[in-house]
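Once you scroll down, you'll see the structures, which are given as structure tokens.
Paired with chain B in one complex and with chain C in the other, chain A is shared by the two complexes that follow.
And now, the complex of A and B:
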């Protein structure tokens, strides 16, 4: 609409008679004012739409992080406001604190267990489900159903029903079938079979989501590629998987890997509920430790420092993900 | 089949011929799938089996698939147990999940449309500040958020449970991407009819965005219902427990009543299983778009 109005004064420039120039000046002034007014109206409308979100993110995201930075350099025990600044002491304390560093180690160990198993299981299940013709939807639903379950509920079933240390536990019943004695799955430090409990519960809960990502990826691979490879003499199965399927699932694979690592990094629910009490020292991931520091000990200085260390680590992972997936690249 | 054989000189990759190898491979595949499906359903079965059994049945060393009879009186026992605020927990969870989903979808949908369509000079800068929040999951900064929320005196309140979870950069981002590809012609038609941004949004854009609204609502609802860390931090008094916190406290208490615990898990997951079966299409779509949420 106002592109026409802009053209008008340009035309009048070619005939530079005095009165016209004046009228031109007035014109631009008026149109500038109109544009300004329109801009102001657009700004108002924009803030009507985006305002609530921006306000919320400011209060519940940006201000907390800034406040955490302040608290992380301060003493804040049993209080939410700093009582004396201590420089980098909180950070130094956290890295010297063997419970914190070992919680980072626990995360690494956990990631080492959970990432390859989830990757292999979700890819395998996607291939298997995708390869059958009948009841495909049924199997997809069954494998996807656990994603509706919470970590708390699954932890209850795993801890009290499947891997309970008593004779009545399901896992111990299976051991009895092989004439083995009952085993205390969760509280025995060595051999560390509690990892089996922690890994299987997460595997059960999340494998469906990753399977869906892989199935979506599989369905995007053009059928002609397989047909062409059969013509070239490739055998159905491992050869086509290695030459076509797997390379073309590159993006899905990277998504699954990195989403999985980031999710493992935030592990809290199942560790808190399965290893509750004294057993937490066997396997305590970073978030659980920070929860204990901040909520049990009410030490918000160290808690904030720990949270910021986690934040920096997770940003590094996210940037890595962006790099691998080629965000921000043009091609 | 006769006609097929006569044309068999031409390669027909799509017509399957039954060979022994194919039959064996099909049996293997379906066999594996069925065994895996049984393993995946086993935990749900345990919830119901133990939930409707007696304490004796559950602790019996002789494990059986169908112990004794079904004890539906366990349900009234659980609902009236004074030590377990089960009903309060279900009510709190329902309130939290409904309010958080409604709030998040409303706030993020509006912001997504504003960022996608309304020309404003700071629009890009604001979009980047929203994107920045995607890099840091809510769980990682729960301590700082808790500090802010408790300075509002929001600990043990419904708003403390609900409000911080409303503002999702992720949901906003997904809505913005969707609105960017919304057909301009429809919006132009509304403009010709004299509608402003607000009118176009509510009368034209929202009614035509049912798919994405349903998809994101469902996964937001599931995430809100299943959330644990934040409700645990903010709901410190048992009157403010969500059902997840109720069950967690129950399982970590001294003398756990097994059949009540399992029954509570079965009932707590029931709403989600119902939603799952009705809206599965949208859930799959939601997860596909978001990769992973919550």
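And now, the complex of A and C:
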């Protein structure tokens, strides 16, 4: 007889039974809760760390930037609340203002001096420091130290100590040793020696930081490349520098160039402190002029428009160099 | 402490903005930004029934000034006055006040060296006519003009600071100069003689060929009716006489015997005291130092006029007290200002001559001040009373930049009278555009 065998329903390995489902559900719930808790904890930690920074950025950067954009289209004299919108008039006024446009010219001239000299000096120093066998750390620190000095202090030393137009100024004392007459380094438009003062003070202050960027770049270049080149007959020095070192420093070079140009656009302290009084009109960079418009004259509409024009120029420079030099692109 | 002093100190706003994001939560920074910090502390009577007032001063260089203002506040019985002594030099104080006025924690009472018409238009400054009108005639017109808008007075002068040329009598005698120069040509001539006879540089007018020190005063010294702006608000400095006056100052610079640079700006009298020059442009504030160093071997005279038709000129500079119109206790603030700078002659004398050296703006008080009755100090009072000028409040920082740029080109570069006039015309046009924004 055919006996009916009670066939147990096929048990699926993947399908849990009811009680299992319930227990699993509980487990999942618990683990979800755990995950949620963990997530919450992580979020809390994230906000604890990032919150103050984001709050700070919002309060001190983003809101002022947005507000500056609003003010740049408005009349706002001795008030931060727009008293009437004027469209692009503030921008047009700034472009018509010869003091502002000539300040942009001052920047270009300054950049023309400072960017190549800083680049060459910092690269040269990085190569020298990197080639030193002993006390490399010492030399790196020594050249880096001026970076820690304040622009104001350095400007005072340059203005009153080194390049003072008096006979007792250091530069003039040196001239006297060669039986030359004293120079008025800062006060005369022709010859414009004040550029020497402005360029050297910035060079002294910032060359160390760019040197460190180059040193970092140099240390990333594999030794093997040089060894291979020597095997191929390359000579130490200019040949390897041209064929290996400089091309492989591309990223460092581009960041130095970019940071340098932006720093030149933001030039303020040394101009303000060395060229103050009636000498400022000889060399007034854009930021100093914007500062005068916004802070002295309390004209926040035109001041904001000037600041935004400057921002747009800096962004344009950055994008342009990205296009021509390829910074930020993958190799 | 002259009205025209610009900064010798930098304000690193750029770096401040760069780093402020990371410091966002620093309470002290927030307080500093809002201008609410009680930095510098204060002196108050602490009587809870009295109104509370805050009063800001810039950091005066003279010893004892801070204690003085705190004692004035302490001795005042009708309000609890908290004094804030705002550190910083140059424009740092003015910027602090202007920023505070934009926020919610402005001081009730503060000093400024010039009035902003825009701040008046924004209703930030309280008119002081009710405490001032009855005493207006006891102030020099030049002390009132810079603080008057549409007939209302918004500030009361606390101290007057004229500027002029200090000269060494012995060096003038050695050069056989017996008459004080009264025209700019005579000054140029005296400069040549005194330099040659004493083997020193003739004069120091600042490291910028005199742009900062003289760009306004030269206008007033160039002839009658010559000014920056007219009473009916027109730009009027672009005249042939003014152009010629600037060219004369260029001629003075071009003699080759002017001290072109020094480690001090013109408001420090050191180059004159250390014998580098026979003459120096400086202010009354330096006179005690000069008396100590040179006894009676010095005299003073104002910037000589362009020619016989013009008078010499000086500036009626200094500081003036203002009241914040949106403060909680405007009436009490006005009453304190009135008690200090209108009623209390003892305070006015103490403040002006006990620490530094200035002229009390109330003419009756200055006439009673013993230290100002004799010698060069009396001459200074006389020069201020006769030849003191000031700009109208409509003359603002932007116009100052345009004029200074033009004057810098003339004083440093020279050129012909027509070139100079063209530069002034161009500056005047820009100033006019700026002026229209204020009207």
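Worth a mention:
Heads up, the rule we're going with is that the second predicted complex is superposed on the first by the 266 of 331 C-alpha atoms of A that agree within 3 Å, B and C clash if a C-alpha of one lies under 4 Å from a C-alpha of the other, contacts with A are read in each partner's own complex, and residues count from 1 in each chain.
The rule is short, and it goes like this: a contact is a pair of C-beta atoms (placed from the backbone, for glycine too) under 8 Å apart; a residue touches a chain by one contact, two chains touch by 3 or more.
As the structure is a computational prediction, the values presented were derived from the model and not from experiment.
Overlaying the two complexes via chain A brings chain B and chain C into a clash.
In the superposed pair of complexes, A:318 makes contact with chain B only, with no contact to chain C. Contact with both chain B and chain C is seen for A:155 once the two complexes are overlaid on the shared chain. When the two complexes are overlaid on their common chain A, residue A:61 makes contact with chain B and with chain C alike. Legend: residue contacts after superposition of the two complexes on their common chain; A:52 is shown touching both chain B and chain C. Using the contact criterion defined above for the overlaid structures, shared-chain residue A:209 touches chain B, although it does not reach chain C.
Ranking chain B and chain C by residues of chain A touched puts B first.
Judged by the touch definition given at the top, the superposed model places A:298 against chain C, while chain B stays out of reach. Contacts of A:166 after superposition on the shared chain: both chain B and chain C are touched.
Shared-chain residue A:187: touches chain C; no touch with chain B. Once both structures are laid onto chain A, the chain B stretch out of 163-171, 199-207 or 271-279 that overlaps chain C is 163-171. In the superposition on chain A, the residues of chain A touched by chain B in one structure and by chain C in the other are 52-53, 56-57, 59-61, 80, 150-152, 155, 160, 166, 266, 268-269, 272-273, 276-277, 287, 291, 295.
Those residues of chain A lying in contact with chain C across their complex are 52-53, 55-57, 59-61, 77-80, 97-99, 150-152, 155, 160, 164-166, 184-190, 266, 268-269, 272-273, 276-282, 287, 289, 291-293, 295-299. Interface residues of chain B, counted against chain A in their complex, comprise 13, 26, 29-30, 32-33, 36-37, 40-41, 43-44, 46-47, 50, 58-61, 63, 107-108, 110-111, 113-115, 118-121, 123, 126, 129-130, 133-137, 139-151, 163-164, 166-167, 169, 172, 196-198, 201, 222, 225-226, 228-229, 232-233, 244, 247-248, 251-252, 256, 258, 261-262, 265, 268-269, 272-273, 275-276, 280, 283-284, 287-288, 291-292. Of all the residues in chain A, the ones that touch chain B in their complex are 39, 42-43, 45-46, 48-50, 52-54, 56-57, 59-65, 67-68, 71, 80, 125, 128-129, 131-132, 135, 139, 141-162, 166-168, 170, 173, 204, 209, 212-213, 216, 227, 230, 255, 259, 262-263, 265-266, 268-269, 272-273, 276-277, 287, 290-291, 294-295, 300, 303-304, 306-307, 310-311, 314-315, 318-319.
If you check the complex, the residues on chain C that touch chain A are 6-14, 17, 20-25, 91, 94-95, 98, 101-102, 116, 118-119, 121-122, 124, 206-212, 215, 260-263, 265, 276, 396-398, 401-402, 404-405, 407-409, 411-413, 430, 437-438.
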